[in-house]
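Labels for the chains are A, B, C, D and E, by order of writing; each one numbers its residues from 1.
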């Protein structure tokens, strides 16, 4: 029982981590995207273990389903090939990577030793859709509504940016009389 | 039963809607603009929609005043309307109004799709206003994203320009990068305190047990916010993005989102009373001032130069955050608020002039293009000069008094060295602003640089910003009092009136 | 029974991988994916902490993060397309018109 | 007539009349003649108003008069606090006296962007007067900084070949120096919660300023550096020659005539007024610098090939006298310092006007370009000689009184000071007379100079009023000293106490 | 109670004249200028005479307060005038001789384009000189002191188109300034210790002090400083160098300023401060030594000069040396006496020389003169009188004054006397040399009126040939001649059967203010002389005095004889002598190269040093370069900072990551710390 829980956690975790690493090592965006999908699926599993059913579902539907499809679509659209290994940035390697390592190690140490968290059983906090819904429509009503604006902006933005630009604007300065 | 009660009070009353009235108004007008966009013909769409947007902002300002009549918590403690939030809401909306006014002809020249432009500005203002008034990290996060995403888009509005899309890309990627950090910080904070509500968090922290999680969380959140307000070492994106983005947009995004982000930072720093922040703020302030000024010294591209200067100014502003003891906080907060306002006034104005002068295709943005501007169009030059003087911090301008107030607050907190660094920096910084004045007044123009006649909208915008700058410089009293009053609102309430502080769950399974 | 800190470490690993990806990947789309990876990592922490505090707010937060991620994805990809239009490349090292 | 009802507002009036004039100028159409006349009228009006001050000043009584003190900003606690005493009153009058002359001397020489020129000039006047009248440290700094921009623009726009370099150099030097003063002012405010000069002075005097002793030295230096650069004291003087050479005539006149006095005035008012103990303990090296300035400036002036540079370095020398007098802490010294300020303002102002007249005719300041000018332009030569003598410090002209008092004061402080400084008497004769000889005596070397016209009407008006002022100040210095002396005595009271303390111990 | 003499009118009148001529002279006619110039100076003279007549009825010293001048703290210096016997003498000399020279100038300067300027300057000089003489405090005296310097500057450089003239003027002013420097310091000392500069106040405080025989004290210092000033003004070693050059000015100027009046200001000042000097024997000794040396030194130079005015100039220096010697040995009245007589005969000499120059059309070189005796009778005879007077031929003014000085000098120390006598010999030699070379032998100049140097006035004269000067010039000559003949009889010493009126007249001023016992002990000989003024003179010293008189007379005649031998009897002899002692002659001829030495030791180093070291070195190299380098450094750093902006996205991310790592580390460390 216990061991099963742990095993499941480890399994999903292994998949997720492997996917993440794979994302790094893969040279072709498509592979990267697929590995990312794998990570997300695995995470959905973890959510289930933690009892966040609704979140898990959304994770699969929205993330793996919608967003990643969008990614893949764009990759196809721009038929992005294998990325060439250009020596663009020394800083990223010299400062960035060590910084990343240092930071993540510190965080890891903190969450392991000083998070003050204990063990947790399967589904300790059942995030059933109705409960979440209750929250969304009462306590978190305003953010929920406001996200609509966010979506609106996103739509508008993608329309503006992705649509074909007008003939390069070398138009003579149009006077604005008042 | 209790749950039912909870739901009962959770159901928003009408007053709740009053307390987000400006946001509502803005969103409505934004949608209106969007809807009207296809209906108005290409030719005069810019101005029509622009004026609609402008009316929207004005209405929003009025509604802000109306909202101010009924302060309090709304939407089950998601937003709080107090003089602090009102101050910033008013500020960002005013900035938007001026920017809209000043960008008519730019739109016309750039053949930018006006509908989306104005709508985006309005919507982003919604986000900023929410950032200013939100007391719930969720809300703050959403507001932050709204404002950021719309600025990403705005930055890339000159799509046919490689530089524009590049700046948009850089801004977007780094922005989301930073957002992720901020979000991680929020998560850790949630983990450390069990809540995402700022009041509860602060009470939790004041009641002692501050775990390492909280420190880590603070660090992460500082990274995110620091990026948004462009303080060293997270300032690095600023010059590129400002250089590439359309000039009016730069005027907008160098002020409004910054103001909102500073509002959030103020909340995080003071309302939460973030632990262990002092030296970070100290170093960041010193570093930003120095890097910004030093970097600007040799810039020849005016937009880029102003970008560096904005870093420096973020540094000066940050000095006000480094208040040590609680009795100094009020001074620091009010100083920061005043500075934000002053900086907004002068910077918007400066960029308005720059964008007008850069005219078609942002061709004339280099110092040598400004040679002899004083002769060809003296009024424009004089206007720009006033803004630059304010940026330098010459008396009778808001910039001077803002700096003065910030540094006096700092010395009140015995930050002698920081103050010295600050004043020396402001002296060094004078140099590069002076260079612009010099080329405008003291050199004769070598090449022919066409300058369009100043349109009514732009004239109004400039007039407003000049008046604001001078008003803040000569009669700062009113604004100062408002700032000082709202500083009181921001200070954390004593833990006495503690709401239910969440406890960790029993670790045993059930 | 699994220590919540394990979940947190996992999320940390994911986040770190995201950062690392941002730093080393050249393809803009992949970089963007690394950002998504970071967000996922954050989400895991949220859910874990929600379990720790018995606060559903954490899960709700995850929901909002997803929405934001979606919005970002839409905008971001649009921007990427725009960049590709003007620069004919997806290599981030070659997108450096603006410098100094 | 009884104008006492005017007294509370007179300072505000005097200070802001020029500014109002400038604002009106903005509205005026670009008809140069009208603009010139208008600004002349405005500056004369300011002069007339300012005369009210010495007339109604109660000479005997020390302390500030014509005070106006209205709260301006509630917190930080800033007041619109103005007032003058026997010291500042004359500097105000000096400013208002020189400005109309500047307008006159620029009548013809400025023909491009006339409007901007006079706007800047009037703004500058307001700022200068403000510096001398304000008793609130914030207000003081406010005006202090406000003088920078118009001056820099005057140099940079209307100057000569290397104007930009000069303008930027001037601006940066002063800017960087004055921020230290700002820091000091802020520190004082942080401790006393007041910007009011009198309040702070008393607080310091009565040891009511927390942890003052630790900071005092730094505060003193903070103020001092700002003033020293303005004066300019020896190592900080290099901006002055450049600024002068490039500046337009009116600019040089105000720069030498008044701006430099801001520094010495500041030392007198703030370094002595607020920090008597530090002033005393720092006096030796300051005096050393002043002495170096006196001799060094004179020697360098002697070998200048450029007339304006020569006068500029002579200013360095003369201002050295002022600093010396101030830090001698003797009545004679301070009286003399004050008087040298005024005298130098008049005579050096006159010299710059004369140099400007020449430049207008020949577009050069190179002494080698001239020679034998006394024949083609005798009136000019005579006027020049007169001013030169005033500046050399010939008795019965204004230069002498101040120098004599300063020297005797310095001598009382320490004979060596007096002796070293007195050599300046010789140097000044050397460089000025030599310059005069090279320019005016001998045969006309460059045929061009035969054609140059003698002084014109408005030039005469400007220069001769300087000459008359120089004469009157030399013959009847009592008119000035009567007001200065009590104020100086008051300023010296803390030092008198110090002395007595020393005696007691 | 004293009547109000309105002394202030005496200086003010010439000032008014100066102002009128200065402002309106250019327009108005020569006659008008003449009237103005003469009227105002004459009026001053008249007023002075009036004062003199009422003098006996005054209680002295008579003081007159006019107005405040400087008030600072408790120090004050006012426009106030002071009249006693001393200032009366000076007053009369200045106004009288001054007026005569004004008259003379009318003729001399008539054709000069700067006529009005000349008179304006001349009047200005009178104003300052009279202020100097009448001042009742050192500061007012200093006004005059500097003012006469200014006037001489203007007048020396009167023909400013001539570079030599301009430089000479500048030189005079600056050298005087050097003297004034000392004077000023002296004044500061006075202020510091006596808190005042008013003569009466200072002297009243000095009187109780006892002489500083032991060593140099305060009074000695003050005295020495005052001497420095006096040396500058009265052209004593080492500051005499300006006076010979000053001959560049018009001759009347040389007569008035550089012979009769201004240069004697130093003597006046020293005797005015005798109260101080009496108590500073060391200072007095210095005065005496300086005077003696100058007298001899200048005289030797005078031998070799060929420019008639230069000769007179050096003779002036030498005579001033005599006066200093007198003051130095405490014989102030003798000094003043010689001052007066010297004013007469030296003024006359210059005027006569001017008349000669005028006659020969601007020629100043004696080698081109000669044989003018017949052509210029008036000039000749007046000149003769003056020459005899200065040479110390008995019966003339110079004889009495010089003789008294020598006698007193001997009483102080025989060394002074010896040098004095030798100088007397040399004096009479070079004076008669001048006399012979000018008036005897053959006329060696080319026909006058041709090729005359343009600078000195009369090239413009239409008439050819050497001619006597007009009346307006001759009359002053005559008057002065008379004066220099009889002028001495006011002070015939007792030994010659006279009873030294002059000494008695000045007695009250110079009566020793020392407490009697110290007078006996310290002043030794001088104590005795004090009694001589009382008229109780020991017999033996009288006979001794007679003997010394004889010696000096002999010296004078010896000089005459030698001059006669060399320059009349066998005019070619000098050349042979010169060849014999070529080196020495050369040195003397070049005035011992003093000017050159000064130039190379002081002037050049100063100018070059200031240029290369101070200006180019310190100013440009050190200070400015430091500043500019700082600026460049800032720009350099700025460039570095810019390169952080590589434009590469991943680098930026790298910075952010690194920064955040540091931040996290710091925060966690902080958290752990507490």
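Simple rule for what comes next: a residue touches a chain if its C-beta (ideal position, glycine included) is under 8 Å from a C-beta of that chain, and two chains touch if they have at least 3 such contacts.
Computed from a predicted model, the values in this text were never measured in an experiment.
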Per the touch definition, the chains contacting both chain B and chain D are E
Leading the contact tally is the pair A-C
Centroid check, CA-based, most central chain -> D
Chain D and chain E have mean C-alpha positions lying a whole-number Å distance apart equal to 37
In whole angstrom, the CA-centroid distance of chain A from chain B equals 27
When centres are defined as mean Cα positions, the distance from chain B to chain E in whole Å is 80
Dist(centroid_CA(chain A), centroid_CA(chain D)) in Å evaluates to 69
In chain D, the residues touching two or more other chains are 172
Contacts with two or more other chains occur in chain E at residues 642, 645-650, 653-655, 657-660, 662, 664, 668
Among all residues of chain A, those touching at least two other chains are 88-89, 92-93, 96-97, 100, 103, 106-107, 110-111, 115, 117-121, 124-125, 139-140, 143, 147, 150, 153-154, 157, 159-161, 165
Contact graph of the chains (line, ring, star, complete, other): other
Every touching pair of chains is listed here as A-B, A-C, A-E, B-C, B-D, B-E, C-E, D-E
Contacts from chain A onto chain B in the complex sit at residues 106-107, 110-111, 114-122, 124-125, 134, 138-143, 146-147, 149-150, 152-154, 156-157, 159-161, 165-178
Chain B residues touching chain C in their complex are 138, 141-142, 145, 149, 152-153, 156, 159-163, 165-170, 172-173, 176-177, 179-180, 183-184, 186-188, 190-191, 194-196, 239-241, 243-244, 502, 504-505, 509
Interface with chain B, chain E side, in the complex: residues 634-635, 637-639, 641-642, 644-645, 647, 649, 652-653, 655-656, 658-660, 662-664, 666-668, 670-672, 674
Residue positions on chain B within touch of chain D in the complex are 374-375, 378, 389, 394-396, 400, 404-405, 407-408, 411-412, 414, 416, 419-420, 423-424, 426-428, 430-431, 434, 437-438, 441-443, 476-477, 480-481, 484
Contacts from chain C onto chain E in the complex sit at residues 19, 22-24, 31, 92-93, 95-100
